[in-house]
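Right after this note come the structures.
Shared between the two complexes below is subunit A, which pairs with subunit B and subunit C, respectively.
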Partner chain A sequence: MNRGSRPWLVRAVLLVLLVAVTVAFPKVFTNPAVTNYGVLALIFVTVASAWNIFSGNSGYISLGHAVFFGSGAYAMGIAARDWNVQGTTVFALLPLVAAVGAVIAVIFGLIALRVRRHTFIVITIAVFFIFQLAAFNLRSFTGGSAGLNSPFLNWPSSGYNTPFYYIALAFAGATIAIAVAVRRSRFGLQLRAIRDDEDRARGLGVRAMRVKLTAFVLSGAITAMIGSVWFYYINQVEPQTGFDPLFDLLVVLMAFLGGYGTIAGPVVGALIIEPGTLWLNTQPQFSGGYLSEILLGTVFLVIVLFVPRGIVSTGGEWITRLRTRGRPAVVPAAAGAVPGGSPGGPAAASTASTADATKYPPPASRASKGGAR
Partner chain B sequence: MARELIHAIVDGILTGGVYALMAVGLTLIFGVLDIINIAQGVLVILGAYLSYSLSTRAHIDLFTGLLITIPVMFIIGVVIHWAFIRRLRGTERTSMTLLVTYAVALIIEGVLYKVYGADDVQLQASYTTSSVHIFGFYLPWIFIYGFIVAVCLVVALYLLLYRTRLGRSVRATMQDENAARLVGIEVNRVAALTFGIGVAVTAVGGMFFGATNAFNPNSGYDLISRLLAIIILGGLGSIGGALAASVFMLTLESVVTIWQPTWAIAVFYAALVLVLLIRPTGFLGRKAVRAQ
Partner chain C sequence: MTAVLRTEGIKKAYGGVQALNGAGISVDEGTIAGLIGPNGSGKTTLFNVITGYDRADEGQVHFAGQVITNAAPDKVFAAGLGRTFQLTRIFPRLTVLENMLVAAQHKRDQRHTVRRRAMELLEFVGIDRHAGLLAGSLSYGQRKLLELAYVLVADPAVILLDEPAGGVNPTLINLIADRIRELNSQGKTFLIVEHNMEFVMGLCSTITVLESGAAVVSGPPEMIRSDKRVLDAYLGADLEEEEPDE
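What follows is the complex of A and B.
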């Protein structure tokens, strides 16, 4: 058991290194084109982690998180416009934006969380379209199809991205910390019980609706806040960018690429996909849009068909298999039962609490239900 | 006012008939395979573009062209099932299939952009412009023809499902996949055929949609969200529910359009939310859908 303490130390060192690297990033790369990648990647790390706090833990796949993202952007824009808030004081509006996101999540959740599985997903899509339509049609309130412009921020244009980088970094760090806290708490356990079998969880005394709604509100409030930061960073929001159907899809893709339901998964996924799509958009041969769309779809298919549990979980298994050199004693399923069973983990998993806590339940647990339908 | 209302209702019922056909395809796929085919919307647009190519390049009449596009779409459906859907198993199958069909939709959309460009097009024929005068208002012939074809195909689907051996296998698989397997039904073949049939109907839906609306490769999203609202409202897996819900929703939308053209589509979703608040399984949904 003396090995038990060493991975902990390794993890702490890696974490400090990771923090140092992320903090130093804009100091080293001062080129705004590069820091732009950093800011947007961190915004999506936050969104994907926030999505995962709700959907990854509860198993309710939300394809409507753009509702919160766009609402956050619009709430900030409308409040700043109507109350003439200017300069950096706009960021004092963040709690208000969080409250707006939370209120929307309560109403949205009370409707959508009554139904499960496919129906839930479809309801989230429907609510999403209602919000997009409202942004288009409530012209005096949202500015219609022209959208809103953010008030001027008198930051020096040379290092304009840097403050945004640190704001986004703070959000990403806080969201990951919340995700870890949720996972380790009784609340997180209740959420995962709902994912595995909601009726049984209810029978065991989990107040399912309350637990689901709390996670949904938490996730929605974070997404709304980061949406308002994104709005200030981009300087404007339009109905089709604030409420973007592709946004919903990208967030889900990030979570699935990295590892749905894990802590590190959405982070890794966002760090791969967001810079990737940004880079693709700068390439002339992809500028038509259709090629990046085909590529995105193909990547999606490959992930879902070949690495359905994401690169964090699957990568962790591969490393375990390498370390044990195919000895039968440590199979992936057993790794989940032994704490610290895969200490090294992939380098990226160092941000996760433990690599093995991120495992799925064995596939057999729900196979019978899928058949019975 | 009254005349406008009647016009809107007739309009809604005729369009609803065609939507019913597309929705039945979607709900049939759900019933047998337990998946929601997000690609259905873009497949409708693909069907519309196939008709477009046939009519502009080969000068084949839209309705005659269906004899070609329906089998083509059927084959596309079977191929999608064989290549992707069939391979998904395990705990997260529900979300995985949604993502896979979403990815398929993205790829098809990208290919359509590449081949046809982003400009709006519309299918043209003599009957899309000429109208018939009934009950004091004008109605383009395409609405009536489209409705007749859709009704014929829905009846044909009904006969296929309730009067043939294949239909019995399909319904058995819908009720209980494991039991169906036990009595000797080849569930995988039934699933492939169902997916094919469910996709084949989009050829007709696409032709009608393309003849009554201007469309581009991006139009699929609007369509799929309407179709999803319809089949959820009707109750997932319920064919009768899909028929009733499409006529109800399209009529509602077309009536609301008289007063509030910009908000008509929101009424569509608002109705869905309201109905689900009262009855979470939809009009004719099975209880089992909720109890999992």
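What follows is the complex of A and C.
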């Protein structure tokens, strides 16, 4: 098989190209209106990937990640205000922000992770509203409905977005790398076992609560950090923007559009949805931004109904189907249908389908393959 | 012979239904023990209590010199007690090999060894050629084999099998029985719940009969086969005394 080594080469070349393109982006497009798209898109790539590290692997859908995002923004704002931190030294507060996110995730997780599925989702929403209400009402601490302004960064206004672009890019890259590492680790395997059958996993020695909580804390800490970066970029945070219910829906939509539980999925989803909404909201004829929300709702419906496993997974299958057209349908046999009868079944057929399966990975192995895409 | 697994006076009620009523069993080290009884007699509930999936209201579970009553499932497994489920439970969206690795407790540098061991066990149950497939694409019988194999990965001292022969074809039943015998000869202890009498009688050295949540008799297969109480329990000698099933 001489094709064995080629996918690696192709992937390496693609990865280098991707890095080159993302690094060169603000050099080529210097217009701040364009780099703005880049910064926000990368912030959401980070958030969606961080969300996916927890929710995509464990199957616990969090609709409360805005808790971390907003808390990160507020933690940075409050610390900078109270300790009089100025200029670029504010970024030295990032570890503190991560710690705040982690502590919140521990408490949040110890409550919410006791329940599963729908109940878990409802609790994450409830916790989210507690945080939003707290931000509105603890006026002396959070600034109430006026929110907080970030301290002034004396970066030249002409290329103001560029440093933020690279900070967001670093976060996005690091988060994707963490997602890949988690996917390949024993920890990631335990998470996915929990997703499939939590009780069975416990019966095989998986300490479910510890594993889930670790993933939740990891995800929360990353989200809090990128939340504080967002705060500095936007220059202010208010309760309804820091703790935005639409934020949670957007993140989930990004992950589902791209491919829930895959590495590339949330990245693709964020790169489509965030610039898309931004563009729609800046078009004067769609005044007020309501159209983008209606469209988002429609996209959500279409995805859930027709491409529930997302672009990356379903697209991969379509490509496979195109490539195998005219040949025996090996893919359904390997991926979907139940091979008949006993294990002593036709050995030749089984071996063949295994060989094909390595060539054309079945849906779930797409995740590991998806990493380098 | 010393009892490696022993329960004493386990009671468990679901609302008004007394599923276990003082159930006591004892499994000697290195044996294959059977647990039989009519539907609703509490066999699976007893399994669940032993392995931490259900909490006992009363009574104690002793395992290898420790009391493990109401310990969490992961603790019970870590102590060396593995189990399979009546309705086979595998991880459908993980590959067969990944399923095997869930139970493997290992450090990073042992990764290679663990993988090889997992492949050996898959070979042992005859599904190694499916290692790369999603477990959800396996047939029911293959899932049974996978479940047996992945429990073995962590090398538990005692394995509880809940209906290993249920719903699988005769060839596979023979394969499973054969594998159990081989593992037993390597020193593994088994406790098996099974409705297939031929399977139980052929495999087990001691059989305990459970009825209405209590052990009515325990002994070698020949004795069980001819015991009047067992025949009563299964056939219902006196209809007036019979407890409603399930």
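Here is the rule we go by: the second predicted complex is superposed on the first by the 325 of 373 C-alpha atoms of A that agree within 3 Å, B and C clash if a C-alpha of one lies under 4 Å from a C-alpha of the other, contacts with A are read in each partner's own complex, and residues count from 1 in each chain.
One rule holds in what follows: contacts are C-beta pairs under 8 Å (C-beta built on N, C-alpha and C of every residue); 3 or more make two chains touch, one makes a residue touch a chain.
From a predicted model like this one, the values you see are computed outputs, not experimental measurements.
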Subunit B versus subunit C as contact partner of A:Ile111, first or second or both or neither: first
Which superposed partner A:Val304 touches (first subunit B, second subunit C, both, neither): first
Contacts of A:Ile61 with subunit B and subunit C, given as first, second, both or neither: first
First (subunit B), second (subunit C), both or neither touched by A:Thr119: first
Which of subunit B and subunit C A:Pro156 touches, first, second, both or neither: neither
Partner chain(s) touched by A:Leu189 [first = subunit B, second = subunit C, both, neither]: second
Partner chain in contact with A:Gly205 - subunit B first, subunit C second, else both or neither: second
If touched residues of subunit A are counted for subunit B and for subunit C, the larger one: B
Common interface positions of subunit A, toward subunit B and toward subunit C: 199, 363, 365
Touching residues (chain side subunit C, partner subunit A) in the complex: 51-53, 72-74, 76-78, 82-83, 85, 89-95, 98, 101-106, 125-127, 129-134, 137-139, 141-142, 145, 150-151, 154, 169, 171-172, 175
Footprint of subunit C on subunit A - complex, ascending: 186, 189-190, 192-193, 195-197, 199-208, 334-344, 347, 350-351, 353-354, 357-358, 362-365
Subunit B-touching residues of subunit A, taken from the complex the two chains share: 61, 111, 114-119, 121-123, 125-127, 129-130, 133-134, 136-137, 199, 245, 249, 252-253, 256, 260, 288-294, 296-298, 300-301, 304-305, 308, 360-361, 363, 365-367, 369-373
Sites on subunit B touched by subunit A in the complex: 30, 34, 36, 84, 87-96, 98-100, 102-107, 109-111, 113-114, 176-178, 221, 225, 228-229, 232, 236, 262-263, 265-266, 269-270, 272-273, 276-277, 280, 288-292
